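Each of the two complexes below includes chain A, the first together with chain B, the second together with chain C.
== the complex of A and B ==
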């Protein structure tokens, strides 16, 4: 079924960037209110899914060839998570120790807290977003190329 | 601190060089060879400048008592010298060899960069291994050598033989490395420290020491390719020649006997273990020597020779002649890397690897013939080479033990003599049978330098002897002087050497009469040997895995879901029947404030009902998302904004995804063939059981809406301490951070599954 009208295509393109900004906001403010890396990842993913709906698999892959490399996002997210979790072991702290430790001051820049938990959340974000986009990319690649053949 | 830095300098130089070659080589492939050679040269000079007996002790993880301790004792200096010195020769050679090789195989020069950085990484691992004084650090570097060797042996990744050889090597040396880890854990728990000197000072003879010693010995013997774990080495000859010349002369196989030397005091406590090692060493000498005589491919001949030569070393270590073993390793590493490199040069010059099609190359390649000849003379233990002394120390150790060992020692040496002639004589003497192309000087030069070193060591034996003596001292923890000189009187080792030469010449002259015999042995080995056993084992394991999957996997999607639901329902049902929590289930009033909640639940129920009745996909998708959105609204009403947010997002995502995929499907609901369709009665039964189970749970939860909140309250109180204003975030990132880590790992694994699913479907 086709959702490819001028209206959907234009709106989709217009809201893509705001979606990403919202996602980053949810990620950053997660430490102050509702929201975290997982939600942020899903929000950002929604932005791409809408594009998929509006443009169809073939055109999506043609518009964003970098979709093919989306798994890299997921793997770097996993790596970042593992590093955040296991790096404390190097200087003798238990796994998953977060810095600054309880009782110490956390430097802030607006809502952004400089805390390794935010880093860990960013890892979750990257992995979830990378997951959604990779799956879409593979579906698009497969059906996109098949569609081109027929 | 300068001394600490000087101990670690070779390791640091090699590690930085690895990174530099990998990064710069990716940009400019032509820079990789000179940079790699320069790194090796720097590492070699840093090794020469290492202060004797210098130590480094850095805290690593104090809570676990782990310290990064390195020491430049005699043993470490000997092996570090080999790893960097032979590494320099091999990398120089590779700079000439790899462009030719790449041109033959038809791939671009940029792909050879990987080889240089991997060889340097291997050098780093070897240096770390020999310098380490902490068992854990030693094990880490031990595994690093195994992993790096996997990539080096499997360098030609397009060729199946290459991948298989790499896997075999990794399986044999990797599985045996687990035994080393086991031994390490046993020693650590027993003595409360991972520091090798402390452990070796405390060990006392007994079954515990014998058991850990045996574990370590198996790991070491597998690494040194000793019978019956030798079969990975000849297979590994598919790797490019520089890899063979490095890994299979001075590095990888040498690591095994290095480990035996490092824990020598522990092994020396168990006479039984020593005897097993003695037998294993002789078995490797015999089998390696005989099979070397059966080979026609020159590199495989050298591989079997390596197995036999490390057999000598194991024999000497088990006889307690540690300084002799150290000298032997030094001499053999120089000799064998020179021979491997000459084999590669010969193949590049003629395109042949088969002894039957080689011969008479002394005239067109005179310098190579001289360099290779000096090394071969060393392997055959002729006077005026280091080889003479390597056999002399071997015979001296054997003759002290007694008659039988001496006879076996001479027999092994005769085999060496015979296959050395087969190699060198077969290539360089006789009739010229092939076209010869010019080869660059970098292929000949390292062979010549190593050959001259072998001769120099035979004329001026003292420097090598003092190196070996220092290494022996750090193995045995006592003074082990080693004085090498030519004796003109007739003592036992000289007599044995003379007998070896005479028998060796007889064997070479009568060669046509017995050449068939080793081939028969080789054929028997192929059919019944450990190689075959491992292959069959792998085949059986794969079959077992495939059968159990066919047995366990539920293929029908409906049944798969039913399995989960019914099983869960039965378990919960059983608990309710066995311990009825009746007070929990109450029929309460519906307060006015809960009316919106009730309405949304009703909406969810109605949507679910629509979903079961719908005929088209679009209505199905919309009805399902209506269920989801209604439930998200319910979460908002019971005061769980985080859950509501996630539910809302997931619902949106699922709806959009399903809509997106709908566009790709053919029109009309697809039905499974009738025979796969579950029986209507069964479907109803599954539905009834599941509904009852969900109903009971919901009733229980809703009639006691404030369950034990101790945990939750603790989390709420702790959240500010974790610098989080939102308790859910604090739980996800901090209190239950490890769980989250596990969950994102699961997501990554699911992605891997999804990607392979789509890729395999496409190729199918």
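== the complex of A and C ==
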């Protein structure tokens, strides 16, 4: 693969962390401004996709072994989302009720609002990001096992 | 709370089982247990709906008209019950026979979640979302078996159904464009104010989408290819549970949301349905594998549902619901029986075959009677002839298979596990039992049809 030149490798390595930071920023400001868990997940996922293209599956996993756990990430995202959605039912509110309720004060820490909507978005983020990386892993496995690694 | 219970049980169950290896018997048994719990919760919800009317909930505690509504009415409950029941039976069958892939139990639960959600939502976009949950699970399930044939069938299935989803999504988007709401009651209310031509176009889009899912006559070409090659239990799930989305969608969107367009196109639907009945039955007679014959047969069978829908009115809609339910049961038993070898299986196959043909005392008899009555009420004599001819043809093609597969087979193959065989026989006896005591099912269908014609609720 011609993607793997010294230029692409250096740049992708440099932009990986900024990508993740951007993703988290998009996620966190979702409550007040434009942004949500889904786009954050796609941004972070794209960050990994670029790494995948530049380094190939084997080297990528050697660099970040924790990427192997991506299915767990997707799974916990799904679980967190379901719990956030269904938990209000336990104390008698309708499904997907978010707290604090409209009109009540939302505690802030900088941009971060302590609101269950953010929790739900974080769940969506985990699910989307985990899913993208898991699919990459599956492709990488097939790709690596055929010995066509770059 | 009651409304959410079936959804919550299957959804959390699916997530909880996802990390475990479904080939282990314990995981399969737990999945069956989860399905039983969800089914019981659904029956409990059904009892509330039947005694005291539809149950509904607005998500997120938003004011009515803004929030997304979940609602259980007679129609939704009827379809949810049959679909969940079918999935439960198919899963139990697979667990008894030995699961081959780790993801099967969890995927079946995801599919149940999607189906329950589809039938218990009152919002057309939510309908689409749950529908995609069920479809996504079914795409993976279709590859079950992982041999070339299974994968080829899965690819066909996926491409066709994704196409259907896109068409449906286009329909939903244009419905929103025309009415400005996604809420089913709101759409039903405002759609009459919209120009007939544009609503008719939307109705056609939605008809094509559900026709593709259901494998109706002009959109049927994928059905034999897919059902010939998929794993029998999976074929049962796809054709007897997932395809219910198609018939439910036709009923809900046609009779429930766009009744004006439905009556405009009624004659067309009856013609298409009749062609489907004949075409499916004639194609099914030519010698092919059992899966293929059942696939062609199902193309014919859904024709009856379309005809009943075209006739419309309380009688026609009741017949459509009743026929969908009985058709699901028949296909479930036929497909499951095809996957088995050994004693008892032939008997189960024969019972289901009689039910398809509409021979009393099987459940299929009442399905045929309902269609017959709807046709007689509407004074459509050719239809009555068609019902009889269709029934006779189905008896011919199914008994050709029976003869070839159960009489003339050399019994070299080892018989399948006894548990699975007994399960299939019990299901087949259930069909006969419904035929002997049809009142609950008739009441259920009438109640479901009343939910469509009885105004807003």
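Here is the rule we go by: the second predicted complex is superposed on the first by the 147 of 150 C-alpha atoms of A that agree within 3 Å, B and C clash if a C-alpha of one lies under 4 Å from a C-alpha of the other, contacts with A are read in each partner's own complex, and residues count from 1 in each chain.
Quick note on the criterion: contacts are C-beta pairs under 8 Å (C-beta built on N, C-alpha and C of every residue); 3 or more make two chains touch, one makes a residue touch a chain.
Being a predicted model, the structure only gives us computed values, none of them experimental.
Visitor: Clash or fit: chain B and chain C on chain A?
Guide: clash
Visitor: Comparing chain B against chain C, which has contacts with more of the residues in chain A?
Guide: B
Visitor: Look at A:82 in the shared chain and tell me whether it touches chain B only, chain C only, both, or neither; answer first, second, both or neither.
Guide: After superposing on A, A:82 lies in contact with both chain B and chain C.
Visitor: For A:98, select first, second, both or neither according to whether it touches chain B, chain C, the two together, or no partner.
Guide: A:98 contacts both chain B and chain C.
Visitor: Does the superposition put A:127 against chain B (first), chain C (second), both, or neither?
Guide: first
Visitor: Which partner does A:16 contact after superposing on A: first (chain B), second (chain C), both, neither?
Guide: neither
Visitor: Pick one for A:64: touches chain B only (first), chain C only (second), both, or neither.
Guide: neither
Visitor: Quick one: classify A:49 as touching chain B (first), chain C (second), both or neither.
Guide: First partner only.
Visitor: Go through chain A and flag every residue that touches chain B in one model and chain C in the other.
Guide: Comparing the two interfaces on chain A, one with chain B and one with chain C, the shared residues are 75, 78, 82, 89, 92, 95-96, 98.
Visitor: Using the touch definition from the top, list the residues of chain A that touch chain B in their complex.
Guide: 1-3, 30-36, 38-39, 42-43, 45-46, 49-50, 52-53, 56-57, 71, 74-75, 77-78, 81-82, 85, 89-90, 92, 95-96, 98, 100, 102-103, 106, 113, 115, 117, 120-121, 123-124, 127-128, 130-132, 134-136, 138-139, 141-143
Visitor: Taking the touch rule as given, give the residues of chain B at its contact with chain A in the complex, in rising order.
Guide: Against chain A, chain B makes touches at 59-64, 618, 641-642, 645-646, 649-650, 652-653, 656-657, 659-664, 721-726, 728-729, 732-734, 737-738, 740-741, 744-745, 747-748, 750-751, 754-755, 758-759, 761-762.
Visitor: Residues of chain A touching chain C in their complex?
Guide: Residues in contact with chain C: 72, 75, 78-79, 82, 86, 89, 92-98, 101.
Visitor: Using the touch rule from the top, collect the residues of chain C that touch chain A in their complex.
Guide: 1, 4, 8, 11-12, 15, 18-19, 57-61, 67, 70
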